[in-house]
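The following pair of complexes shares a single chain, subunit A, combined with subunit B in the former and subunit C in the latter.
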Partner chain A sequence: MVGLGRSRAVAFVAPALVLIGVFLVFPAFWTLYIGVTNYRLTGAAAKAPEVVGLDNYRGVLSDPAFYRSLWLTLIYVLVSAAVGQNVLGFGLAWALRGARRAIRRLIESLVLLAWVLPSSVVAFLWIAMLDRDAGTVNMLLGQSPGTAWLVQYPMTALVVFNIWRGTAFSMMLYSAALSSVPPSHLETARVVGSSTMQTLRDVVLPHIRRHALTNTLLITLWTFNDFTPFLLTAGGPDHRSEVAPVYIYNTAIVGGDMGYSGAVSLVVLLINLLLALVYLRAARAGRSS
Partner chain B sequence: MSLAKAVVARILTYVGIALATGFFALPLLWLLSAPFDDSPSYGVHWPSHLTLHNFAALGHNPYAFGSLVNSVLLGAGTMLLVVVVAALAAYALSRVRIPGRDALLYGLLLLSSVITGTAAMVPIFLLIFQLGLIDSRFGVVLVLSGGLLPAAIFLLKDFIDTIPRSYEESARVFGATPLQILRHIVVPVARPGLATIAVWTVVQVWGSFLTPFILLRDPDKQPAAVLVRTFYTEGGSPNLALISTFSLLYSIPVVLMYLFAWSRYGFRFHGGIKS
Partner chain C sequence: MASTTAVGGRGGLASAADRPAMRPRRRFTFAAARSYLGIVIIVVFCLAPFYWMVVTAFRNVGYTFDTTPWPTHITLDNFRTAFSTSLGNHFGRALINSLIIGVCTTILAVAAGCFAAYAIARLDFRGKYLVLGLVLGASMFPGVALLTPLFQLFTNVHWIGGYQALIIPDISFALPLTVYTLTAFFAELPWELEEAAVVDGCTPGQAFRKVLLPLAAPGLFTTAILAFISSWNEFLLASELSNDKTQPVTVAVAQFTGSQPHQEPYTAVMAAGTIVTVPLVIMVLLLQRRIVAGLTAGGVKG
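Up next, the complex of A and B:
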């Protein structure tokens, strides 16, 4: 202890704890309460919300709209992050390993740029590119009037968009991981004539397994909580791309039904908690081995 | 592997790399072509007449410039609050042995990744509504700070742990108070760590959409991330000249900040702490 008594230390930590407590921890626990009330943004229930017990939860669990949004979220997360970003990120890291420096820098910069730009900007870039009448995609396909991608195939568009948006993290993480594979092992695999697939499975995978787990959990957590789909499709048309974050926004802020959305939020919080705990467990297991 | 097979594999690799390049470059091209096109459309094409007059259109929009100022205000406000509050907390946690300290830090970090903008949208909105802070930039700063502080404290504490205590001890012998020690000894030594946290905070706030979107209704107070969605012509179609030039101006600072941070701290700057 260097001249900093316990009481002063508490005073130094207090502002941080107050801010975190009021604006991070309290809201999470308050969700528990909001979810059992009939809180609304307007009308009588706005002034004096009443406790309605588990009605909201019963409502949520018997609402097809809730299951639809969970299902869409599952597709979005699995296909775009767990598979799409993961595979493309690894593929790029693997392919660029031996590429010329200039090519490598160029592609890495493009992939990173897609990740770094603000979400409002990239969302509009995709709206422009996928536009029915003049969008670049339809122009390249030679269709005019072309396909209204965001209207006819909203989920496919969101999935491809998110692969484009988030692959950078996987690519960077896997390129760091691949550099930890001893070159002599790769050389041995080449000399004994194993195919690329065999090399990946027997030589590379054992070295990057932990990185792959970390990567998958993090991008799953981020994609699950990603609000950018709202900027592209706002959940439409006809709720066909209403992933969980957009569903909460539409029922809470647009629909004004806070109690019901509070109940949905709790489900999202619990899934987040589960993902984070699995992540921490995996990280700890990796450290002790 | 036979020679023919090796050649085919080589070619496939190059085709794959070329396709990936096209995939990642295609959406970005519009951001480079449309702002300089005197009649921008949705499609990417070489501007028929290169021009800079689209940038003048920014001046005709009553909110465009102000929203960039708002982004700066939100970024600077959050950055100040996070850096000062996190530095105080990290220093104390690094130097004083409080029982359960590590558990507390891990717990907070866990909470900050679990309680995201999406999951906490409903209670945050109600909380700010009850506090009467809807349409207040200060409210947005408070909410964003609460979310960023755990990671900031965690990273800063790691940094301060590596600073030897002997400097502080000798200063104390000469009668310096803890705040003086913090200001004149710890802060100068910890400057690189503080700078990292500062840049990281601004980057996070600059791009954040959801929190200001639900908490700010008045276009005079909205940051660029939110305002850019309102750029429509009188006819109701998007004003492409305005959107493209504004998006470009709004994107440049964040790209520069990343370049700066990466050149100094490498990819670790972002490893696992993007929220």
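Up next, the complex of A and C:
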């Protein structure tokens, strides 16, 4: 160990910790306070918010709109991330494992592109694609005026969009994970004539279990906190696609009731913290085994 | 199959002997055909939106709702509309803003992240895992939940409308990823070299700067790309914490006004989207391997 003591370690970690502490952790705790006030975006309560006690929290916990947003978030996360991105990402990584390098690179770039572009741009792209009158999808289906996808099937549209958007990460992670499976094991499985499903279950899965866990939890959290649905449907029509982050935004910025949204935020933060704890525990269990 | 049965007579014995070797190959070609079909579908699925964006960006605004799948009525007017300040689009300014915010965020986040990751990877101190856990936990905060407190905080200190109101939260959002990725990279470095340099008479600072930093450069570079992308793409906070003077491209694109009144300016937005996309496409094509390495470093090794 080079001569760097505890004090220097603290000095090294300090700038990052201060930034994270002041602008991430402190605001998170601040929502606790905002949640007990009647703070509003505009008007008198914007200048001098008053403490209203636990009213907001009581309101949130008896608000059907809040439970609906949680339910929609659950569907969104489970279908698009935990199943959609995970399975498609693994499938792609598995299919491309033997492909030529040029093809692999091409696919990787394309999938990565969807992941890397600004959400406001890709959201607009999808709105144009799913447009009722001139959308590409309706054009391909040969109907005009066609289906208003984002109005009639808002959740389905969001799920397909998120799968398109986020599969890249799963694919890259699984590609890296698959390279850790010893080729000799795969060869043995092939020689003894095991089917693809058997090979996946008995040979591949034990090697990539930890990666699968990491991946699932990361994409779960990202999707849980994803704000892009707002740009596609703004939670509508009639709140039918109002996932939790959109619900928070709609109460705080659109509705102007920041005190109430603070209370919602806190509940959502707690759920996140819970998920993060599960992740950290699982990661530690994976490391020690 | 056909070739095996076609070889009759004496060849039969040889072909029978060949069969076990042939079978996996035949299965491979079938599987390959299937996976190529899958690949083609995926390529179309991935590419179609981008293709449509570029085609629409170059299409005359009067033909916005033309559904010809190939480029028609090609014009550069949409790009002019996007940059037209007389229509109230501050796109040129927004591009500069995004660059300022992105570059500042990247430099500061990588610098702060580099120090923290060095300490975590290299030094033994109590509370190390607490720091890492805190960093990881913080990366999982939903941005939208922090919007209200940050808005209130920045209003109170009169930061709204300043670049710092956008850069500093961007740094905090990029930092968890930066620290985590860099820690994974630093853990792989040959630290014996540093000790050797110290034995040879370097100070620890010199040893780090002259011996290890060059080795760590690829990792730093990758992390910088990721930090830049995350800041370039940030929309939610910027939409509330910026004004006309400081708004980045992501916000500008969402607030476009077109050349035709009462019409969604699809073509102009597509033109702007194409411009915003170009630097990222170039980055992805040139630095794909690095980006993949950076993204998987934390996930796979962590």
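Some observations on this one:
Keep in mind that, in the parts below, the second predicted complex is superposed on the first by the 264 of 289 C-alpha atoms of A that agree within 3 Å, B and C clash if a C-alpha of one lies under 4 Å from a C-alpha of the other, contacts with A are read in each partner's own complex, and residues count from 1 in each chain.
Please note the rule applied: contacts are C-beta pairs under 8 Å (C-beta built on N, C-alpha and C of every residue); 3 or more make two chains touch, one makes a residue touch a chain.
Being a predicted model, the structure only gives us computed values, none of them experimental.
Taken together in the superposed arrangement on subunit A, subunit B and subunit C clash. Shared-chain residue A:Ser195: touches subunit B; no touch with subunit C. When the shared chain is aligned, no partner comes close enough to touch A:Thr147: not subunit B, not subunit C. When both complexes are overlaid on chain A, the residue A:Thr156 reaches neither subunit B nor subunit C.
By the touch criterion defined above, A:Phe23 reaches both subunit B and subunit C. In the superposed pair of complexes, A:Ala177 makes contact with subunit C only, with no contact to subunit B.
Residue contacts after overlaying the shared chain place A:Ile34 against subunit B and subunit C alike. In the superposed model, A:His211 makes contact with subunit C only, not with subunit B. In the superposition on chain A, A:Arg105 makes contact with subunit C only, not with subunit B. When both complexes are aligned on chain A by C-alpha atoms, subunit A residues 1-4, 6, 8-10, 12-13, 15-17, 19-20, 22-28, 30-31, 34, 39, 91-92, 95-96, 99, 103, 106-107, 110-114, 116-122, 124-126, 128-129, 133-134, 136, 139, 164, 169, 172-173, 176, 214, 218, 221, 225, 227, 231, 244-245, 248-249, 252-253, 258, 261-262, 265, 268-269, 272-273, 276, 280 touch subunit B in the first and subunit C in the second.
Per the touch definition, subunit A reaches subunit B in the complex via residues 1-4, 6, 8-10, 12-13, 15-17, 19-20, 22-28, 30-31, 34, 39, 88, 91-92, 95-96, 99, 103, 106-107, 110-114, 116-122, 124-126, 128-129, 131, 133-136, 139, 164, 169, 172-173, 176, 193, 195-196, 214, 218, 221-222, 225-228, 231, 244-245, 248-249, 252-253, 258, 261-262, 265, 268-269, 272-273, 276-277, 280. Of all the residues in subunit C, the ones that touch subunit A in their complex are 24, 28, 32, 35, 38-39, 42-43, 45-50, 52-53, 56, 64-67, 69, 111-113, 115-116, 118-120, 122-126, 131, 133-138, 140-153, 168-169, 171-173, 175-176, 179, 194-195, 198, 204, 207, 229, 232-233, 235-236, 240, 249-251, 253-254, 266, 269-270, 272-273, 276-277, 280-281, 283-285, 288, 291-292, 295-296, 299-300, 302. On subunit B, the positions that touch subunit A within their shared complex are 1, 9, 13, 16-17, 20-21, 23-31, 34, 41-44, 81, 85-86, 88-89, 91-93, 95-98, 106, 108, 110-127, 142-143, 145-147, 149-150, 153, 165, 168-169, 172, 176, 178, 181, 206-207, 209-210, 214, 224-226, 228-229, 238, 240, 243, 247, 250-251, 254-255, 258, 267, 270-272, 274.
For subunit A in complex with subunit C, the residues that touch the partner chain are 1-4, 6, 8-10, 12-13, 15-17, 19-20, 22-28, 30-31, 34, 39, 91-92, 95-96, 98-99, 103, 105-114, 116-122, 124-126, 128-129, 133-134, 136, 139, 144, 164, 169, 172-173, 175-177, 180, 190, 211, 214-215, 218, 221, 224-225, 227, 231, 244-245, 248-249, 252-253, 258, 261-262, 265-266, 268-269, 272-273, 275-276, 279-280, 283.
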